[in-house]
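Heads up, the next two complexes both have chain A, just with different partners, chain B and then chain C.
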Partner chain A sequence: MKTRTPDSHDFPTRRYDLVKEFVIALAVISLLTVGLAAVFSSPDEKAITMAGWAKAAPNDVVATAASELAGTSGSATYGPPYNHNGPGQMMLGVPMQRWGGVRVPVDSAGLVLDPLRGATSDQAARTALTAWSAATPAQQTAWATAYGDALAKVPDGDPAKVAAGDYGPVPALTSAFLALASSGGLEGTLTASGTFYGIDATRSLLLLSDGAYLEDNARASNLGGDQWGMMNEFGNYPGQPWMWLYTFWYQVKPFSTSDNADALVWGLMALLTLGLMFLPFLPGLRSIPRWIPVHRLIWRRTVTHVKPVP
Partner chain B sequence: MTTPTVADTWTARVADRIAHLVPPGQALPDRQPAYVASWIYVFGVTTLAGLAVVLVTGSVLAVGGATWWHVSSFGHFVNSAHLWSTEVFMGSMVIHLWGKFWMAAWRGNRALTWITGVLAFVASIGAAFTGYLSQTNLDSQWISTQAKDGLNSIGVGAYFNVLNPGQMLMWHIVLMPFFIGVITVMHIVLVRRHGVVPPIDAEEGVR
Partner chain C sequence: MAPSSILAVVDVATGHYLHWGVIQISLTNLIVIVVMVVVFVLALLLPFPGGHDDGGDQ
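Moving on, here comes the complex of A and B:
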């Protein structure tokens, strides 16, 4: 039998002071907030600087610079929206990442070369830049790849222990890049991107995330992607617990092992969100509250409306 | 030439429309149906109060600027209040949402009320997320570089660049609060328009 929900205005009423309720709620929430802020404060781990990265993990800076020059770094092979060097992820065969287009173009080799061209006054570095520019793209890639491979073979990736080889100007370039990063002058050249105001950190963040140092820091604080890191923050703070379901999918198969995990998780979350939004129209799901009568904990007394349903 | 009557003007029509958004006396009534007698009803109001505290603390942070709170102890305290009011706001909203689910609060032509509530919830998640991206600290660095992959994978990252704190800050302090404000007003108007949903057991059969 179909049922009809009676008009709420046809029921007996009771005094209810909405304004008083809001004012009391505002006072309680304000006091609670001030109390929580006073007791627990909030996290503010200082941002990693390029100078800090160079000091703490110089070999990582050199290896990252070599990978940018070789075109093997994460950003170099990423695809849209940064470049055309990767296919991008697919959602059930639909190339949505590619459809977004390359609207934030980033030349990975430029992450290393542009700051050096603009900042270095070191003669050896200038000679190396000239040699790099004079070489063919194939030669550049061969030099940088060989140097990157050589770095990977020595303990801790220490450039001083790399075996002799045909690396062209790459060791000089990466060494100069490390020196520039150590000087603290790298952020400005990457972030400003030719403008006075440096408010777009895309290039510096891509460079930082191409290295291992940022992730090592995060993993040490249990913030890795497979550690529910998406919803947490540094320190013992609640982070974004409302993102638990989104983060959950990354922890389980098939998402945890899929090359298209991000696209699949976003697709699933979009579907679930639409399901939640249009729940009133979904047969079965909309009847769950009738089948599991939690509502009787809320409406404990039977209240009869005044006017009968026609 | 005919002179337009008062009711024919755009202004009169808008005024009439506004006047009839909710039934007479229901915009801010001092009585509620007798079945509105549970603590669960409080969480709608605590959500609103939480939103107000979030807006106030965020506004104080805006006065000092994007990086003020890193160098000022008072700024840090205000940031802490902004963080914890967000947690309280989101917690209240989740409890409110669950309460309304178990009440099947979309009954009686209240589907749009439910939909605007879900939209407010999703938008609040986006607002909180852009807040984390606007902190200009290690959290922002890590969360943005992780989150970019999800947004890029569906093509959104081409337009919504989480690695650009300038863009994220504008979303956080302008676009998201504006959207949440509008959708919240719509939600409240719809609640007042239809009234609080009656108990499931009060429903009657119809032929």
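Moving on, here comes the complex of A and C:
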């Protein structure tokens, strides 16, 4: 049976001022935004500093410095975009991060040695730096790995309780690094490196995230990845509830137990977004409005007046 | 500081959270989501202001 498209004049019409609605909505939302911000403000949680880290968790600073020198830290073994020491995130076997390449090369030992070279006037530290530079890479790694292992064996990773061993200049370097961090001399040294404006915080953030202090702080505020942290805010402030679906996948298998969760969740969300974009072309899904006719509630007064198509 | 005061400070710093299986959500986020749903339902059900002349201007 042949049907024809109904004439637009068959439908009822009403006057509607779209500009008026837009202006009213803009004014109301602006007032609400400014008013609520003035009353509640935003969480003013102080940023973590290197000095704060050194004061609160000095043993963590020493252990992190040793792992950077040994090349065993999280960032040192991460792979692209920082180095070639790991496969990076893969999606269904596709090495997406490797394809991106090493675009932000970071030498993990440099995170410790560069600030020391530039700042310390301590003679023992200078001697240790000279001894480190004179050693072969294999010797450097052996020293730092042995010291890192020894730190892991003592209670609380206390450097003072480490058993004697062949650690070379590593204890002196990590001790000087802790002293530099405690004095506040580490602030900005990593952030400023390599860029004209000194606003690239990649290296300082990598160093912080290689330690346990940052993660412990995040988890204490329910901001961990497996705590739905993506949609949370510090304290009792509302967070980002619209991120619920993105962070949901991180809580369930196989994503919660996968090393490639970031790539897999990104891929799944990209797929779901494409599905939303092309919903009108997807059989079954495009029929949902017929099964759940919410639009009939919205247009309930109007649809009853539509003339039937002859 | 009294023990109860210490607990109050810790509570404010960590926020109030609800746990249900894998679901963990802050009370504040839950309130925001419930308010959004309520506003959506009200927008569906409440009559449009000044909408008494519906179907009128043909």
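Operating definition for what follows: the second predicted complex is superposed on the first by the 288 of 310 C-alpha atoms of A that agree within 3 Å, B and C clash if a C-alpha of one lies under 4 Å from a C-alpha of the other, contacts with A are read in each partner's own complex, and residues count from 1 in each chain.
By definition in this document, contacts are C-beta pairs under 8 Å (C-beta built on N, C-alpha and C of every residue); 3 or more make two chains touch, one makes a residue touch a chain.
Here the structure is a predicted model, which is why all the values come from computation and not from measurement.
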Touched partner set for A:Ile298, first chain B, second chain C, both or neither: both
First, second, both or neither for A:Pro238, with chain B first and chain C second: both
Touching partner for A:Ser121 - first (chain B), second (chain C), both, neither: neither
Which of chain B and chain C A:Trp228 touches, first, second, both or neither: second
Touched partner set for A:Thr136, first chain B, second chain C, both or neither: neither
First (chain B), second (chain C), both or neither touched by A:Pro12: both
Of chain B and chain C, the chain that contacts the larger number of chain A residues: B
Touched partner set for A:Gln89, first chain B, second chain C, both or neither: first
Contacts of A:Ala220 with chain B and chain C, given as first, second, both or neither: second
First (chain B), second (chain C), both or neither touched by A:Thr257: neither
Chain A residues contacted in one complex by chain B, in the other by chain C: 9, 12-15, 233-234, 237-238, 241, 294, 297-298, 301-302, 305
Parts of chain A lying in touch with chain C, wherever the complex brings them together: 9, 12-15, 220-222, 227-228, 231-239, 241, 251-252, 294, 297-298, 301-302, 305
Chain A partner contacts - residues on chain B that touch it in the complex: 23, 26, 28-38, 40, 42, 45-46, 48-50, 52-53, 57, 69-70, 76-77, 79-85, 87-88, 90, 94, 99, 101-104, 106-108, 110-111, 114-115, 118-119, 122, 125, 128-129, 132, 135-147, 149-159, 161, 163-167, 194-206
Touching residues (chain side chain C, partner chain A) in the complex: 12-17, 22-29, 31-33, 36, 44-45, 51, 53-58
Sites on chain A touched by chain B in the complex: 1-9, 11-19, 21-22, 25-26, 28-30, 32-34, 36-38, 40-48, 78, 80-81, 88-89, 91, 96-104, 199-202, 205-206, 208-209, 214, 217-218, 223, 225, 229-230, 233-234, 237-238, 240-243, 260, 262-263, 265-267, 273, 276-281, 286, 289-290, 292-305, 308-309
